[in-house]
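What follows is a set of structures to go through.
You will see two complexes here that share chain A, one where it goes with chain B and one where it goes with chain C.
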Partner chain A sequence: MASKTIKVDYLTRVEGEGALNLEISGGRVTSAQLKIFEPPRFFEAFLRGRSYAEVPDIVARICGICPIAYQMSAVHAIESAFGASPGGEIRVLRRLIYCGEWIASHALHVAMLHAPDFLGFPDAIQMAREHGDIVRNGLALKKAGNGLMRVLGGREIHPVSVKAGGFHRVPTRSELAPMAETLKRARDIAVDLVRWTAGLPFPEFEQDYEFVALRHPGEYPFNEGRLVSSRGIDIAIADYETEFEERQVAHSTALHSVVKRRGAYHVGPLARYALNFDLLPGHVQALAREAGLGPVCRNPFQSIIVRAIEIVYACDEALRLIADYEPPAEAAVKLEPCESTGFGCTEAPRGICWHRYEFDADGTIRRVRIVPPTSQNQPSIEADLMAVAGTIVDRTDDEIRHRCEQTIRNYDPCISCSTHFLKLSIRRS
Partner chain B sequence: MSERYRPRLAVWKFASCDGCQLSLLDCEDELLALAGAVEIANFPEASSAVAEGPYDLSLVEGSVTTAHDAERIHEVRKQSKFLVTIGACATSGGIQALRNFADVNEFAAAVYAKPEYIQTLATSTPISAHVPVDYELHGCPIDKNQLAEVISAFLAGRKPQIAAHSVCIECKRRGTVCVMVQGTPCLGPVTHAGCGAICPSFRRGCYGCFGPMETPNTAALAAEWRALGATPQDIFRAFRSFNAAAEPFRKESEAHGV
Partner chain C sequence: MTEPGAARKVLVACIGNPDRGDDGIGALVAEKLAGMLAAGAALLVRSGDMFSLIEDCAGFDALVCVDAAAPMGVPGRIHRIDLATGELPGELLAASTHGFGLADAIGLARSLACAPPDIVICGIEGSCFDAGAPMTPEIAAAAEEAAALVADEVRRLQERAEG
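Right after this comes the complex of A and B.
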């Protein structure tokens, strides 16, 4: 069988700019490369010399889809550097605004970017002609998540309320109350969405991933916990660099995050779910089982079900937090800058987002390192592409191309925020 | 029913965070109606069906930071009857224009292990530095209601009704007590309206993410900031952020350079 190359020159329904090259030779896939041509924006370079107080507003701009993730990892890193630990209602509000981002981001991906793949539509708008309820419900969920971010943060993209130490302003109980009604409806929609996604046609495909996620003793993770893996890693977030590193590999132009001792790992909904299933409330576990999932799901195509389950969880959690909320006396704790290093790691919708900041005595930034979720998933995405394409090499190029694009979209890749992607050359048709 | 002509809409991405084009998908109540009124012909973030040009209206997000993009924007212009930039990156160069004041090779070396692999220009420039632009919508991010107004206006052949005054007017309209008179430095007096004055309503000063208003008096504002206790470095940093390369903000930051 002759050699051939299958290319996707511009990946669609992903956030950011990427391409795919697949090499097939002698009936075997010999190479699968996810290429990134997102131009570098140098956040880690221009953050040097800025004040710690500017960080939440600046890092939000890494990603328009998950600004809260960047703000949260940053404020935790800053507070850990300066020896502060805002708890109580500030912690509650951080979890609540994160619920909003998960709901909005997951709803966008499940209903508008990922579902069309399973049903053979190019987009949600075409899909709406036959599955109008699903698209409208997806939009309603997205609106509910965005509404939560707007109440707490002023706007859904690049919210303005988050600051190191807490918030610029916290909501009153009566401002949050109307959100509860919206979230109750959203929760019911999300339960239906789980059942609907469970009925989609899934390829028979499993990978033996090393899952990596945060793990907190008492709650499904958003902002806090230890870094754990399905192969025994259990470390403080400050020790991330002892177990994980970014490497440049000969065949690729991208930096690949790997577990130093083993290689590729997987972050995001499948990892969170597998490592924290026991922390989901009983009725959410029951819903997952009804959808055909066990406590671990290794089929990346079924990540769409797990995202829908996480929407249900985030709605429930937001409702619980709103019911118990009492506005704190102070919107933020006072920080005392000092020469220090701080670490932050939180669960972005797409997986762990890890930050390290080094500060001068006055709180000016000396060095920064930011590891976004998608660059951590890149080796897993490429391994999935090899395996998925390997099972269908005898199909037409179009079929292979479509299945490969779907494989990439399983990860909800956010290429815009992958500050560590590189590309040697740009090719477009 | 006869098939009426639907104007063709395209959305393009350059160096950006995707937030401004996400604003279009964030029009949750209007999206399906919009998709009925126009043909969304090219919107890769949302659809795999990419139709060839020409397009009646192109929305351009992001700034030009690579040689390839500097060529690509000309292709976009050629295919577009109207070209509207959406957001601070496309309109002023965005946060990534901070490289314009630094050595981009040093920036690359600070971030990447093998900086020689990085293909990038020394500057991040707005779309208007490369091709004629029919309208510039401000904001980091843009306001989705303003986006809906701009799309409606261009498709109806009228001028968008977007105010060019400062954020101060928006604070007055919503009844927010001025944060400056309470001692908080604020960029509102020199910043383009459009967000609805969100930051002062959250008890903080505006940080200028909509860029300069028409004819801003930045020097007078800087003097007020000094009177409130801000240091030259504070003022320098405030003007050198999401619209650092916009001319009035660039000039004012240089006046306080440290």
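Right after this comes the complex of A and C.
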């Protein structure tokens, strides 16, 4: 068979700009490179010399879809550096605002970005003509999640209320109460969405991933926990760099993260679900089983079901937190800066978002390291592309291209965060 | 929708991110529109989530969108596109700083049958959309003229006969 290169110049329905080059030689895939050509954004560099107090507002700008993830990892890192640990209702509100981000981000991906792949539509606009109810429901869920972020964060994109130590302002019970009715409706919509996604046509495909996620003793993880993996890693978040490292690759402006001893690993909904299934409420576990999933799902195409399940969980969790909420006496704890290093790791919708900050005695930032979820997943995405394309090398370039784009979208990649969009080239020889 | 005989409900949506150079022209036109809009017209400024526009415009009879347009050689040139008589050229509004832009939002609202019957776009040609960049003087200078055109458009749309 002749050699051939298939290119996707700009991948649609992902956040950011990138391209894919696929090389096929002798009837097998010899190379799959996800090329991120979005220029580096230097957030870690321009945080140097800034005050710790500026961090939440600056890191929120890394991403318009998951600003809470960056803010949460940052404030936990700052607080761990300065020996503070806000608990009680501040902890509750942080979990609650994270529920809002998961609901909004997952709803956007499930109903608007990923679903068209399974139904043969080029985009949500075309899909809406035949599946208007699904798109409307996706918009309603997104609105519910955005509402939570607006009430707690002041606005849904780049929220402004989060600060190191807590919040600039916390909501009253009466401000949160109307959200409960919205979330009850959202929960019902999300349950229907799980059942609908379960009926989509999924390719027969599984990968033996090393899943990595946070694990908390008593709750499905958002803000806290140890870093665990399906192959035995069980470490404090401060020890991340002992097990994981970022590597530069020539074809991408985003770094690739690997487990030092083994290589690619997988973060995000599939990993969280596999490593924390027992921490989901019984009715959510039952819903997952009804959708055809066991406690571990290794088919990345079925991540759309897992995201829908996580929307249900986030709605339930938000309702529980709102029901029990009592405003704290103080919106934030006072921090005493000191020369120190702090670590934060929380579960962004796309997976763990790890931060390390080194401070001078007055709280000025000396050095920062931020590891976003998409850069951690890039080696896994490329491994999936090799494997998926390997099963369909005899098909037309258009078919290969479509399936490869879908494979990338399984990860809901946020390319903007990891350095934006896809060019796919397939080369056959 | 509006009762027969009453003025039609018109929404003016000024779109763009003021932190990205000429993408801030929507917000600047909104400032200039203060006190200029006919009674009963609604004004909103959107800096990010285009999906919200789909719900924002539900229940209105007409929508006027003010947004930066892609560079086409004449920075500050104002393009009026009446979707009752023409199609929305995607490339003109491709300068959105978000993957899901105004053309997508209007297309989705139409697919969902929740778009107002009348939609007029006021697109102002930009030049530089870099993060943190100041607005190009030619673009800023077009804001007052654009505001006056939008105010006239609102009056016309309020009086336009249904059907």
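Quick note on the criterion: the second predicted complex is superposed on the first by the 412 of 429 C-alpha atoms of A that agree within 3 Å, B and C clash if a C-alpha of one lies under 4 Å from a C-alpha of the other, contacts with A are read in each partner's own complex, and residues count from 1 in each chain.
The definition used in the following text is that contacts are C-beta pairs under 8 Å (C-beta built on N, C-alpha and C of every residue); 3 or more make two chains touch, one makes a residue touch a chain.
Values in this document were obtained by computation on a predicted structure and should not be read as measured data.
J.: Report clash or fit for the pair chain B and chain C bound to chain A in the combined superposed model.
T.: clash
J.: By the touch definition at the top of the document, which applies to A:F42: first (chain B), second (chain C), both, or neither?
T.: In the superposed model, A:F42 contacts chain B only, not chain C.
J.: For A:R136, is the partner it touches chain B (first), chain C (second), both, or none of the two (neither)?
T.: In the superposition, A:R136 touches chain B and chain C alike.
J.: If you stack the two complexes on chain A, which partner ends up touching A:D57: first (chain B), second (chain C), both, or neither?
T.: first
J.: For A:I125, using the defined touch cut-off, is the partner it touches chain B, chain C, both, or neither? Pick first, second, both or neither.
T.: both
J.: Does chain A have more residues touched by chain B or by chain C?
T.: Larger number of chain A residues touched: B.
J.: Give me the intersection of chain A's contacts with chain B and its contacts with chain C, in residue numbers.
T.: In chain A, positions 12-15, 64, 108, 112, 123-126, 128, 135-136, 139, 142-143, 146, 156-158 sit in both the chain B and chain C interfaces.
J.: Chain C touches which residues of chain A in the complex?
T.: 12-15, 64, 108, 112, 123-126, 128-129, 132, 135-136, 139, 142-143, 146, 156-158, 421
J.: If we count contacts the way the header does, which residues on chain A are in touch with chain B in the complex?
T.: For chain A paired with chain B, touching residues are 10-17, 37-46, 48, 50-51, 54, 57-58, 61-65, 67, 108, 112-113, 116, 122-126, 128, 135-136, 139-140, 142-143, 146, 154-158, 160-161, 163, 168-169, 246, 248, 253, 255, 331, 405, 416-417, 419-420, 422-426, 428.
J.: So in the complex, the part of chain C that touches chain A is made up of which residues?
T.: Residue list for chain C touching chain A: 47-49, 51-52, 54-55, 98-99, 104, 107-108, 111-113.
J.: What residues of chain B sit close enough to touch chain A in their complex?
T.: It comes out as residues 13-20, 22-23, 25-26, 28-29, 31-32, 35, 40, 43-50, 65-66, 68-69, 94-96, 98-99, 102, 104, 106-108, 110-114, 117-120, 140-141, 195, 198-199, 201-204, 207, 209, 237, 241-242.
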